[in-house]
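Note that chain A is present in both complexes that follow, paired respectively with chain B and with chain C.
Our next item is the complex of A and B:
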């Protein structure tokens, strides 16, 4: 078995909140990520699923090295992200691409699309200066957009077009890993399908490793082979997509699945209440407060992520039995 | 492929027109200002050919003459030809106006960028210096610098430039603080774009337009200040043909020969009005903060 391309070893990320007023200065800690363990093999496609505030975006930012881990280590290949030297950092920048949730905001409004796409190519000297124009045209056609858009500015493109440009830019540097944050949220269904198909093709054809944040389980199942469900900064269940969707073991996963609208079933609100504040985590299982089958033991013991059947891990004291 | 490139080239040109030309063409008063300034610029550039006399040549026999065929706008107390002095004065005014603003802009933008991007202690020190500069009115500040630097055309440019550093620095810093937290800056860093390139390609273009608009409005202030300094006798040295100097010289003869002060005074006033019209038009056309139609 080859070495994983990304490994997260018990990663934690805490933010210090300063008390209000200067009499109450005791800092409180907000745990955005709490002991996340994750491994990515080359060619993996992983969906990070969870409600808003579950730590999905923080996790991605840590994997990109945008924020340091408070505890634990994020490894890219064999190297700790926090200890990359200039040369390795440059290589990391080329090999790992990020697609922002806010695609339009991630592009300089004063640059033409052609220049935006040419920037990473020029930066990493991926081809001759004279060949760049052809490469850019090839990229934009790769994502199914007409070359006429190249002379436009980001503000002049539609929501679907700009997301595809964002994908094209991510591809420009010929990355090995693409991290994408909610890249299809808020698109109308037909455009969403186009973008999803594009991403799926890319992963299948070029063997790119993909980490895709979404709160839409349908999107996750279409795009990714593996799913990791996050709740309050911890992975509560992970495993192969099919297994998780068919037989969710964690009550939270099951609740998420039930909250998914279906054509032939009335929708009942399966999860009551809000995700609790990560500032003062309750003792015991963090999902206990909202769990329909919480028992007294759940309020005492914090369950750890333990392996169940084939490649599946669940963090629950009383996993839901398979039907 | 060929077709696609042709189309993109064509649309590139029309894009430029739409983004830069059309907003300005819509500002009618700005066009009037621009036309007047064009006349001044032509007069300044072609002064050696348009002038009828040497601007500094004295002819005491012909002093204090009213407008005539020999001296179109009359002569001053030394018998210098006012028309020729007016043309060369335009040259000086425009050069000093633009040069001082350009200098102040470069220094101010550099300070603003450094303060906005580095933050921390550097920002604190730089902005306190800027606060100090901003505490004085421009004329007072320029006078103080002139007192230190000494008289002379170059020193006027330096003094005015120094008095403009403050406003440009503060404005740049404000815009930089806003831009540096935009996702596209972070995206560029993630792609591994070197810091200098991030500043040059991603930060600067996004802060530059309000700064350039501001610069356009400052040119008129610079010309006014320069004339003021010369009028007060702490600017350009006589017999350099300078409007402020000319007005000052004519002051003693204002009842006998009002044209000596009147001619440069009117020329100055018209130029300032034109510059302000253009500056307002530029602001309305390009400054995102005041853009109405966007």
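Our next item is the complex of A and C:
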């Protein structure tokens, strides 16, 4: 097996909150990520699934090196992201592309699409100035848009078109890894289907490693071979997509699947309550408060992510038995 | 003066039989030259839930806004009829509409954070319709507001009465909006994408809550949704809209399990289900409002379109227990 392209070693991210008033200065800690362990091989497609507040976006920020880990290490290849020198940092920026959640907001409204796509090529000096125009045309055609759009401004494009431009821009520097944050959220189903098909095709034909953040298990299963489910800053279950969908072992994964709207099943509110605050986490399992099958041991012992069956890991003292 | 809400003689006769709670007949809405809604017809029986489904620009929200009198002349031109409990809504005055809104017709919007007023406590906002429509005293309003918060599953309602919206989570804010919408026991609840801003587990909770409360009050509900599978789960009937027209309407188990209109079929094949292997997007896009095709509006994107489709508009026909507007139904 090759060395992983990305490894997260017990990564933690805490934010300090100041106490209220000047007498009560004891800082409280918000743990956005707590002991996340993850390995990505070249060509992997991984979905990070979880509800708001689960730490998905923080995890991506750490993987992009936008924020340091409070504890643990984020490795790109063999190198710790926190220790990259200027030259390595530049290479990292070229090899790891990011697609923002708000595609329109991530583009300068006063730049034409052609310039937006040319910027990364120029920045990383990937080709001669005279060849840039051809490359930009090739990029826009690769995401299924007409070259005529190149002279437009982001404001003139539809929601589906702007997402495609965001994908094209991510591809511009010929990255090895693409990280994408909710890149199809809020699109109409038929446009969403187009963008999903495009992403899937690109990953398959170019062998790009993809990390896709989503709250939608359906989207995750369509796009990715592996799924990691996050809850309150921790991975509670991860494994091959098929296994996660068919035989979820963690009660939270099962609840997410049950709440997913389906044509052939009645509506089911599978969980009560809401995701608790990541400030002052309870001792024991952090899901215990909402778990339908929590036992007293769950409130005492914090389960760690351990290997289960075929390539799957689960963090639960009493995993759901197979049916 | 409650004349506007009282039954006309004609409607009173109807009420004796099986009168629909809401009847939309050949309703069109224009903005200048653009025909935003084109000949929409629908009927909703008491106790029924109806889902309006379609992509952005289909006119789902526009229809909902017209039903509650938030889109009216002179900004838009209305034609045809909207009857609620026998009252013609298209000719109601603003003051008369105000007596319906929040009273007989409850409203739930997509974005609770935007719909709630940040300057008032949630207790005050729940109490407002109780004061305006029911004229309850201050003490009674507070009691009733606490009871309503309890009924929508807000823990410790008495403590939360004095909370401002920003102090509550998105799910809790949505519950507050449901409490406001249901405060006066409305006969019709209009919910415009009530859960699309929420996580799936919260979405299931909120939808279950809305359905429970609607059934308890024996009210009817119209949901504007973009999620077809959710529509199948919560609606008795489904109306699929495309470019301002209803293309297929009927019992949700029929329309969604075995769609007849090519657009409904196309939509369904785009839906990401758990473990979907292939998604087949509908080619092309919704035409702009000022350049609608003359015949069937879906014809330019339809895999089955023929010459007649581009020339004449198909009218809804009854087929297999539903209404379908297509020249070539199998």
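Just so we're on the same page, the second predicted complex is superposed on the first by the 323 of 323 C-alpha atoms of A that agree within 3 Å, B and C clash if a C-alpha of one lies under 4 Å from a C-alpha of the other, contacts with A are read in each partner's own complex, and residues count from 1 in each chain.
In this section, a residue touches a chain if its C-beta (ideal position, glycine included) is under 8 Å from a C-beta of that chain, and two chains touch if they have at least 3 such contacts.
Since we're looking at a predicted model, the values are computed, not measured.
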item	value
Fit or clash between chain C and chain B when superposed on chain A	fit
Chain B versus chain C as contact partner of A:260, first or second or both or neither	second
Vertex chain A angle, Cα centres of chain C and chain B, expressed to the nearest 10 degrees	80
Partner chain in contact with A:90 - chain B first, chain C second, else both or neither	first
Touching partner for A:206 - first (chain B), second (chain C), both, neither	neither
Touching partner for A:111 - first (chain B), second (chain C), both, neither	first
Chain B versus chain C as contact partner of A:151, first or second or both or neither	first
First (chain B), second (chain C), both or neither touched by A:293	neither
Which superposed partner A:192 touches (first chain B, second chain C, both, neither)	second
Nearest-approach distance, in Å, of chain C Cα atoms to those of chain B in the combined model	17
For the chain A and chain C complex, residues of the former touching the latter	51-52, 158, 160, 188-194, 196-197, 215-219, 221-222, 242, 245, 255-263, 265-272, 274-275
Footprint of chain A on chain C - complex, ascending	55-56, 169-172, 199-205, 207-208, 211, 226-230, 232-234, 256-257, 266-267, 269-276, 279-282, 285
Chain A-touching residues of chain B, taken from the complex the two chains share	1, 4-5, 7-9, 11-12, 15, 182-184, 186-188, 190-193, 201-202, 205-206
Residue ranges of chain A in contact with chain B within the complex	64, 66, 89-90, 92-94, 97-98, 100, 102, 105-111, 114, 119-120, 123-124, 133-134, 137, 146-148, 150-153, 173
